């Protein structure tokens, strides 16, 4: 077993573990925003590591080119895709269950905040305190 | 190749976790984000199963899958807002 | 005909469909392209019939790949007859669709042509997977045709029917696909010639083939998987119901005949299943029919019943049985279309097919009435129409095969068939014509002239007769000099619901402001298809020998598949 | 004979010119045919052409359906001659009568057509030498009867239908008999069948056929228990009643019985059934006739009764009885048709035929009264009339009836009772018509009814007179009855009739009958009162009607089993059926071939578990988004499965299809509710059971039916020869574009048509309105233009990769994973990205002429196929060298595939994802306030590019600009134009 | 065996979903059924040989059967076409999909 | 001259970002693997100095890729209004506001500081002319 294979295997396992943390985040974080946050990172990076590790197992010039493309596409797409979901999460009034500060709510016109308050009682309570 | 098999198992378990979140919710956004992660996981699985089978076109598929994963994330976001951009 | 030309039965309609799509919305070109292609196809099919008049088969491996690799197209008498009749039906139904305004859009002609390509391909192919593909090629345009309507005039019922139709057919084809998979899994081939007789020796192939046959049975609407057809078919327009009744179920039946003959070699061990199921199909179908309340749902259930008769032929699997079955199949395609088209013409013009809402049509529309009655009697199996020959030969075959129970069922069912036909006759064609007036303007499907005057693609809706005649989609107004001559008010008043033409019945005048003059409203263009098919059933009854002889030749080809198999092997 | 058959075809023409007087002309060919028939028969008798029993025969045979050995066989023996003359002579009389019966003006074309048609059918029936022709003619008479009854007005419809149902039912029994006889004897030829040895050899068969024939004849001749239709059918006009329901059609059953008498006369079932039913009918009819006020109805019951006697005679089956049957048939035809016609005359003149009303009138109709009296007397069996002769013959036959000693007594007694009643109702008929009544209030209305014109009463008088003439000189009928009875007996029968036979027993019976009959007539009022309460509890009509209604009701129930238009039940039935098939297969197949190789890989289980979770999640999903996401899970799982099974192309395709499906679903999701409906837990049980069974069946099926054979020959060919034959290294792709290009052609057609279909669908019906999400409208994040910037930038980054990738995949498809489908799907993904990245639906850059692309795709595909003919076969790939490069037309084919796929994807995005044209929707946008209002969206302001696109149809090529001209005045079509 | 179980699972889910009332679930059921059909086709070629069918392979005994792959490709695309059609049907006559819709969801 | 150093600046930024990834990953992982939540989640409005779509997208993506931070969306109102005030050209010159969800930064200002640091490094790394003004 050559070095590249070993590196590849190790990278893959690390990537898988990073990915697993994302899954863990999705399972354990208390609100949707935190879950999205976890996915954006670990989902992107974990897969990148796995693909890189896979490249180490099947090294060839064309594959290197393809993997570079994959890295670019995947990092861009996972980040952008996650942001799209994050924004959608917010504008569809998904409650922000935990927060210490919320400058977005401050920037939202009052009457809309009122509406939001109705939908997220807990958020309103925290804001009052 | 133990790493590959291990990777497959880890990702597999992680995917099951995401699946749980998809069903459980509680918000639509939770389902969407878990779905997104799940699809990422499948990109990883494709890569790993591909190298494991010594499929010389593994990365072609992964490239396509990355693109597709992107589209699915965007679609999920669009689904959340019911078409509102 | 050179066997290498057989693919043209598929290629030419497809190409024409593509060209018409490219050409865009020019109705004249569409009409000419559609009918021209269909007539050519029928002509070629007739040539095939002549070629096979003493039996035989021709085959061609597409792209000239070797046997076992190429997808074979093969034709024998059975194929050729089916090609002729399906082609004729398509022409007749297209004619009706054009006359009823249903074809007045950019989609109709291409969809029908693709449907034709699919039907022809399904009839010609000797490769089971390719059969799956062609069934899909038939189905996709059918989904489109099912919902065709004037802009935004599609009804909820139409969509509901389409849902049922699509899902059932998808289920059917997926089951068929799985069956094909099993056949490939067990036999290692999907080529009918290579599969010949395998089901008799290898039980795993037999069960795989049974899955395929079952799928086709769903498609053919055999009891217990029959209900979908009766529910779905009346939901579309009359022209399309007629077209589908002649094509879809019949291709499935063709498939059952062919596969059972070739793959199962007519294995007599399983025939009792067929006899039982098909007798049940006759009974359940006819009972369903007699209980229905609209003309087309009655007719749709009849289709189920008659399918039992048709398939009994293959369940007997004797020379007489197959001959009778094939004759029945061909006769049924025509007579069923005739019934759908005559009641459809009434439905189109009077806006409803509901029994009780219509009456007295016979007095006003004697031509349609006669056409309907001929077809109805033919359906019930009364002489001297083709239905009699079909039923008689089938009963003869059943008696010969000792299936007395089947004979009893057939006799009883034909009595109930008559009963239900009389129900339509009594409910729609007899009686005072006044009650039909009220429904003629409201509650109308888009086919009806009264649907919407704003509808640009309805020929009848045009404000004046002259303007109407000048637009491209209005062939039929020109093509009915008889009715134009009869009507003093010209085309415009003829269709206009508030026309102030003379009213025969004073009571009508008093009761309904929307009443229409008591004179035929169904022009020859719209009545023509029904009359033509009714005449055909009479002709096939009196001149039964022609078709009977051809059916016998076709039956021989099924009884002894050597010619078919040899042709494929040599292709 | 042909003349008579042709008469019906010219009758409408004649009627058109002559109106009701056509009957005069039409009577001539019938009489002529009668003369011809007699002379032909006489010729035959002279020339000695005779059948086995020695009676002369005239015959002809024209093949009709040789395949089933059916020919238009006509054959006239003695029996046929009797009936032929009956049909023709009575027919001629009726035709003449009709000229005055019918209204002077009116449409009588169908009447004469049907009457002559009936005559022809009846003639064909009695002359048929082919069973099929016999049956056809039998049914033809039924149909003529139906129409003739039905055309008598609205009230006649129900009777017509009832009559039709009963007689058709009988016809079907006849058909059954016919087919059995044909199969048993191997011929359709009646004359051969009658002498076939099988009847003596196979008792059971003979009995079965006898029963069928008897039943068929009973329905036609209105015998118990099928008698009810006959009085019911009296709603028809009198000529019809006289001809069909007295003289001719009802005699068809008698003919049939007489015809088959030689075969079945020895079968006890035959005798028992005929005699029993005949006597019951005779008595029932006679008694019922006594209770009727309507003259016509009375005659109908009388007919029924007389037919019962005839059937009894045939049932006795002795030569004497058959002789009686023949002469009574003749006698009955004469007097009964005459009586009907007279009733018609009265009806016409007095405008009623109800005795109770006639009682108040004075009928000054001496000729009618006299002649009618004669006919009635004949019916009553009064001496000097033909009816007396026939009744004497009958009684003689009954007295000599074979079998146990009690038989003659019972039969004769019953016949005598029936005859007594006959006498009574004959008198009642005449007295009812002309007798008036000792009514106290007769001064109330004393309408005087005068005699009708001679042309009107001429025909019936002729009939009545014939009864008298032949009654006085019965020997004139000797020859006719001899040949007739000989034919029906199958042996030589000599008939000698005379007015006076001496003091034979039957004479005493006759006299007794007349005596008691006279007493009954004298005491007729008392008799009538005595019988009044005895109404029959069950009417035959009710039975028919009830049967009909119940059948219809039961039919509704049966239809209701599958009545739903919702797919669920219809879909579950096949699933259950599949389980049954699997179970049957499991029972049938005992040994399976061994499994070849190791079909599983340990890591397959990861996929099994993932897919299991996905499937369960799909079943559990309560929101649409969750369902769609987990559908993606299963789809991706399938992708990995395909990869795992060495199917790279399939995996890529699956992946792309999966995501495009999700994209389309999301387009539609906004029009659907957020969550699925909740079903109570117990409603899950049956679906779970069915689904579980189907799943198990599938697993067992796959396990048993796959993986148990070596590599298939085709597979071996592709692997070894694929590259050599096509030059392609991607063997899957070579199968797609070279070996099985036809499949692919079909597939690309399917795709293209899907695009056309959704266009048609959305044109026919607007999609349901959008439901907006609960959007935080005033959030700083709401601006779509700002917030799509990330996606747009990413899309810009990916666009070159997608375009290049799509092209590379297309070009390399023959060698490496790729090909038209995959390439186009990648391209489609690019369009999806462009769509998703756009700041508004309207500005999404997916507007392309999708229908044109679809059309081009299919055209290119088929066109490549045509190119193949250059090398001798459709779709044969060519390998031309272009600029020194070895190319293949398979690539062109792939381009076709590419175009079609892109077309359908674009169709989806354009039709589903973009708002409909604002200017192009006068109905939707103007008059329909419920239509989706995209304008409300902040960021939806059209861009410069959009304005151009909306203002005018895109001018992509000359075709579309021409369309815009075609539809300049029809803005509704504009989005369809855009599509091209 | 793994393939057989997968097929069974897919059919299980497919039939269950097809018996639901909402068109969308029925469609999802059909998507599963399509997968099942495809996996059956793959199984029909034999799942013991899984190497890629490219070029002119030397050792046939490990190469996957390319024919079912071609079948599946065709079937996938056909199923895709029909799925789109069904999806459109799901939104053009949605009276029976309305049950879960609340009043505010429907844009007036 | 600055474009000569551009590739090195790029790589330098990339390495810095990789380091950031590791450290913040560790924080998230630790929080996830230990019981309870010790996060201080909140949303911060961050006025970006990015000048074009590419820069803003990259910045947003990097924020999202960094464990613990997530870009929620973008608002250009202040930009537009500024352009409106000037009344001349529609060119957008004012700051774009990015809304960032952060988990472990403690406060909005702390988040802003971290983001500003990252943005500066990023712009220095990717702009050919060097650091932002």
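Per-chain residue numbering starts at 1, and chain names A, B, C, D, E and F are given in the order in which the chains are listed.
We adopt the following convention: contacts are C-beta pairs under 8 Å (C-beta built on N, C-alpha and C of every residue); 3 or more make two chains touch, one makes a residue touch a chain.
These are the chains along with the protein names UniProt gives them: A = Monovalent cation/H(+) antiporter subunit G; B = Monovalent cation/H+ antiporter complex subunit F; C = Proton-conducting transporter membrane subunit; E = Cation:proton antiporter subunit C; F = Sodium:proton antiporter.
This is a predicted model, so every value here is computed, not measured.
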| item | value |
| --- | --- |
| Neighbouring chains common to chain D and chain E, by label | B, C |
| Which of B-E and C-D has more C-beta contact pairs | C-D |
| Central chain of the complex, centres being mean CA coordinates | C |
| Between chain E and chain C, distance of the C-alpha-averaged centres to the nearest whole Å | 30 |
| Whole-Å separation of chain centres (CA-atom averages), chain B against chain F | 26 |
| Distance from the mean Cα position of chain F to that of chain D, given in whole angstrom | 77 |
| Chain B and chain C, separation of their C-alpha mean positions in angstrom | 48 |
| Contacts with 2+ other chains: residues of chain D | 566-567, 571, 624, 628, 644, 646, 648, 674, 698, 701-702, 705-707, 709, 711-712, 714-715, 718, 740, 743, 746-747, 750, 753-754, 757, 761, 764-766, 770-775, 780-781, 787, 790-791, 793-794, 798, 801, 816 |
| Contacts with 2+ other chains: residues of chain A | 24, 36, 44, 69, 73, 76-78, 80, 82-84, 87, 89-92, 104, 107 |
| Contacts with two or more other chains, residues of chain F listed in rising order | 45, 57, 60-61, 71-73, 75, 97, 99 |
| Chain pairs that touch, as defined at the top of this document | A-B, A-D, A-F, B-D, B-E, C-D, C-E, D-E, D-F |
| Contact set on chain D toward chain A in their complex | 773-782, 787, 790-791, 793-794, 797-798, 801 |
| In the complex with chain D, residue positions of chain E that touch it | 1-22, 24-26, 28, 31-32, 35-36, 38-40, 42-57, 60, 63-67, 69-74, 76-85, 87-94, 96-101, 104-108 |
| Touching residues on chain B, where the partner in the complex is chain D | 5, 8-9, 12, 15-16, 19, 22-23, 25, 28, 31-32, 34-35, 38-39, 42, 45-46, 49-50, 52-53, 55, 57, 60-61, 63-65, 67-68, 70-72, 74-76, 78-85 |
| Residues on chain A engaged by chain B in the complex (per definition of touch) | 5, 8-13, 15-17, 19-20, 22-24, 26-27, 32, 35-36, 39, 43-44, 46-47, 50-51, 53-55, 57-58, 63, 66-67, 69-70, 73-74, 76-78, 80-82, 84-85, 87-89, 91-92, 94-95 |
| Residue numbers on chain E that touch chain B, as the complex places them | 50, 52 |
